[in-house]
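Multiple structures follow.
The following pair of complexes shares a single chain, subunit A, combined with subunit B in the former and subunit C in the latter.
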Partner chain A sequence: MTAMEEEGAPPSLDVSQRTDGRSASQLRPLQCSRGLLARAHGSATWSQESTTVMAAVYGPKPAAMRKENAERAVVEIIWRAKNGLPGSYEKEAEVVVRRSLEFIILTALHPNTAISVILQVISDDGSLLACAINAACAALVDAGIPLNGLLTAVGCGVTHDGQVFLDPTKLEEQKSKAFVCLVFPSRPLSAVSGLPADVDGEPFEHGILTSVTHGAMEVDEYFTCVENGRAATAKIAEFSRNSIERSQKRVSGAV
Partner chain B sequence: MEDGEVAPAGVGPSGVSPFVSKVLAPGDVVLDLNSANKVLRVGSGLRQDGDSILATKVGRLRFQKQSNKYWVEGSQKRYIPNVEDTVVGIMVDRRSEMFILDIGGPAFGSLPILAFEGATRRNIPNLQVGAAVYARVVNAHRDSDPELSCTDASGKSAGFGPLKGGYIFECSTGLARGLLNKPTPPVLEVLGKSLSFEIAVGLNGRVWVNAPKVTTTITVSNAIQNSEFLSPAQQHIMVKKLLEEL
Partner chain C sequence: MTIVGEGAEGSAATAAMEVEAFKRLYPLQFYERYLDQSVRPDGRPLNRARPTSVNLGAIPTAEGSALVKIGHTTMLAGVKLEVVVPSTTAPDQGQLAVDFQMPTICSPLVRPGRPAEVAWSVSEQLSNALSSSNFVNLQQLCIVPGKAAWIAYVDVYCLDADGSLLDAALLAAVAALTHLQLPAVKVTEAGRVVPLTSQNVDGDQEEEISEKKSEDQIVKSRQRLERRPVPIGLTCVKHKNHLLADPSAEEESTLQTSLTVVMDSSDRLVSFYKPGGAVTATSATVKDCIDLAKKRVIEVKDLLEEAYEEAFGAEMMVE
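Take a look at the complex of A and B:
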């Protein structure tokens, strides 16, 4: 890479000595709270240590005339950055989140309605898009919107010397060559062996739903990111599942 | 109405799903239709995808042997109308042939003016905007607005109709269902022993409370809202504390 020879060499990042002591494939501690907002139909806060996003879901509610669709619900995302006016980053994030969520929301069950998801960035310490998608999924579950599955999102970075690491912090993102946000479907529980079925010989949860890359990386580096991401989503999905079960234990009439 | 019979864990002899009474998340595969030997009824929170039944919501899977029906019992703030639900609606508009009620769902419900016991063209019930009505959902298709009725299937009023006076508060659909359980939930039993009041519980997450004294109304409303996540023993203690302060 010619950039290495220039005077202002890019800051180096040593994956074996991350500032918080994590290994390359270690995620930050996860936290998820559901049902925090009194007015929203569903809400959730998802934290990956210092990166926190709060998602609120309203819907299904009647849609504005010009936006309504007679065959399915319209999904609307509003991304609120921590400060500043909304700009192109927010617009792009809204489109990415909307397309990811439209994959899991069963919009055909509620025609002529709108489902709004509002994402408020509370603090940003890297892997923001992944955190937001995880929060949005948890909020949709809290609102009882019919879904055909759950999502898990994870961030992955590549250093200038080609090392791949998971869940970058803000500083690590700035120092890396490129970083990517990967979204995979969550593997559901199944009472029937053989379901969900493999797709082209690969397990169902290995499918890439969304991939947003910042910066340029080599093709094999990208595939290493995908592999590491797949391994990580199993842990995130397990965490999400435990969080759901704990939230249901408190429901009245629980057996 | 919805007494979930707990089937034994593990696949039963009749091919019952092993997930009954377990917490499900969206996408969980509940049952393979090929292994079920009878016609199954699939209730709310589940959908059919090819040969399998999948969950669409978070909640506990319930199964009723008599009707061979599966459904997922979860609790939400938002109400989605289902046929045969009893709901508390608030009137928002009057059209020539029907009353428009807000039942808390994605669309307003329509209540025909003749859907009351003994109603004829000459004596139409006089409901004003803002009136509370206890009604039954007759039709709830996803492509149209829900239709309501203030009579049961045979035309009798059966407790449906306008609710005069009283106070309405909102709660989750899970709490509303719990209040309609048999046997009577402890919170209502203990309150009923010391206070005189009447309530109408709507499965749309609305509860109407009416009592001769305002303090009774407030106590009953607070007790019901507090009881959502309490065990029966805790409910007893909570209600006794509230009654002492009266």
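Take a look at the complex of A and C:
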């Protein structure tokens, strides 16, 4: 807190009056479309209003010799920023996305191959990492890569007076004292025989798969972020499930 | 599959070989057998970090430096200062440039040429932890607002990568910054920053000098960075119900899911970094990790104090 005071009055953020009229626990409208690229095995764009990421999936395809693994498929992520050369932010994001996706991709089914996911940032207006992970999941489904479930990613912000709000825009990220990207697995409805068991008395989908934070906060504030994030993932999971179902119907209707 | 060969032919040598073979063939089962007994192959209890040491002033040519060891993991950090024109967006602030390097010597995973993937994440998370925690008061790095400021290049060099890299890199960077002394400088009428070279001037005398000088000549005395809450990281590995603090490289690669909690000495959560992995973290796990990290902060902070006293013992007394 002292640091803040010294640095002059920070532009405070009033969560009850967000510039776009959302409430603290409201997400921006989600949009997802699939199968946009002809050459890619699967593709999707995911947008949270003006944050948009396009994802393309190629694979399973022959892996480069050096990377090849005899027991499982190798997942490689290529993160393309809107402009400029990839720096450490992009490289780190690639690691985070890869390690998150490896949780759902059934890599053991395609040994000696590679699955590449290319993420192209189209516009960044906050919660970018969350948007990219959601886009990657949608593209994997479109490519028909065997998955054991879906992931839902959500961005959370913490204001200087400790209020937690969801899906921050770029401006809100800059004005808040901390922001977090959280990824939770979503509970599969069918496909897998038997639902995953609860872990430590908590439902499976409440476990944090990925957490990346920026800015310091109190421990309680982090837990509030996790709680609010969990609540929001239900909506995001429902949205992506509906969107998949709709596109599947379209496909089967055409055949 | 016996861990300890105690058959009729079981001499100590064959037993040791069998254990080694078992470890190679079934690394996960090898670890699980230990973990079920709440102990690790190197004899540590699950929640104990490896012996840690901090040495300040390892590089005499750098303005601030430190050599940090956590178990075998070794990090060397140096801070170099340069005068730059501050950016127009923050004219009263200096800058901090953090770089983390993993040379080929530190680990078999690193090949010459392109930096290893892990180096990118450590580098990004290291600068994130330093900037998030506000450990350095950037205003203190300013010499003349809008005209001149220090840029502090913090270079962390990994000499031996044996797990928990982020913890060690952060500790090395923090230690080097505590060791850092901003040199005494004066700003000439032409706006150039030149070092004050008068011998044996301590802070008080310099202040007198600065009063005597005409107003267009600014003199900054030698100073250390302001003490801020120290960010300290602790990496934990989660495997089934076990939570292992401060994993070695072997534990990290075998048990897959690692996460790093960075807390500062005023109990703020600076970073909770979990890049995916094979298992998810429940609220209980998160709480356990944070508790372990809090304990670790106290431990490491004492180490830092000790190292500081060792390096500046006499001066501390004066202060």
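The rule is short, and it goes like this: the second predicted complex is superposed on the first by the 243 of 255 C-alpha atoms of A that agree within 3 Å, B and C clash if a C-alpha of one lies under 4 Å from a C-alpha of the other, contacts with A are read in each partner's own complex, and residues count from 1 in each chain.
Please note the rule applied: a contact is a pair of C-beta atoms (placed from the backbone, for glycine too) under 8 Å apart; a residue touches a chain by one contact, two chains touch by 3 or more.
Predicted model, so just to flag it, every value in this text is computed and none were measured.
Peer 1: Once the two structures are overlaid on subunit A, check if subunit B and subunit C clash or fit side by side.
Peer 2: After superposition on subunit A, which the two structures share, subunit B sits beside subunit C with no clash.
Peer 1: Tell me the contact category for A:I208 with respect to subunit B and subunit C: first, second, both or neither.
Peer 2: Once the two structures are laid over each other on A, A:I208 reaches subunit C alone.
Peer 1: Would you check which partner chain A:M217 touches, where first means subunit B only, second means subunit C only, and both and neither mean what they say?
Peer 2: second
Peer 1: For the combined three-chain view, what is the angle at the C-alpha centre of subunit A formed with the C-alpha centres of subunit B and subunit C, to the nearest 10°?
Peer 2: Nearest-10 rounding gives 130 degrees.
Peer 1: Going by the contact rule set out at the top, does A:V96 touch subunit B (first), subunit C (second), both, or neither?
Peer 2: second
Peer 1: In the superposed arrangement, does A:L150 touch subunit B (first), subunit C (second), both or neither?
Peer 2: First partner only.
Peer 1: Based on the superposed arrangement, let me know which partner A:L106 touches: subunit B (first), subunit C (second), both, or neither?
Peer 2: So A:L106 only meets subunit B here.
Peer 1: In Å, how small is the closest CA gap from subunit B to subunit C once the two complexes are overlaid?
Peer 2: Closest C-alpha pair between subunit B and subunit C: 16 Å.
Peer 1: Residues on subunit A in contact with subunit B in one complex and with subunit C in the other?
Peer 2: Common interface on subunit A, subunit B vs subunit C: 185.
Peer 1: With touch defined as at the start, can you tell me which subunit A residues reach subunit B in the complex?
Peer 2: 41-42, 59-62, 104, 106, 109-113, 141, 143-144, 146-150, 185-186, 188-192, 195-196, 240-241, 244-245, 247-248, 250-255
Peer 1: Mind pulling up the subunit A residues that touch subunit C in the complex?
Peer 2: Going through subunit A, the ones touching subunit C are 3, 6-7, 88-89, 91-92, 94-96, 98-103, 178, 180, 183-185, 199-200, 202, 204, 206-219, 221-223, 226.
Peer 1: So in the complex, which bits of subunit C are touching subunit A?
Peer 2: Residues in contact with subunit A: 117-118, 120-121, 123-125, 127-128, 132-134, 137, 139, 228, 259, 264, 267-286, 290.
Peer 1: Quick check: in the complex, which residue numbers of subunit B touch subunit A?
Peer 2: Its residues touching subunit A are 6, 11, 17-19, 21, 23-32, 35, 45, 47, 49, 52, 54-60, 73-78, 80, 106-107, 142-143, 174-175, 177-178, 181, 227-230.
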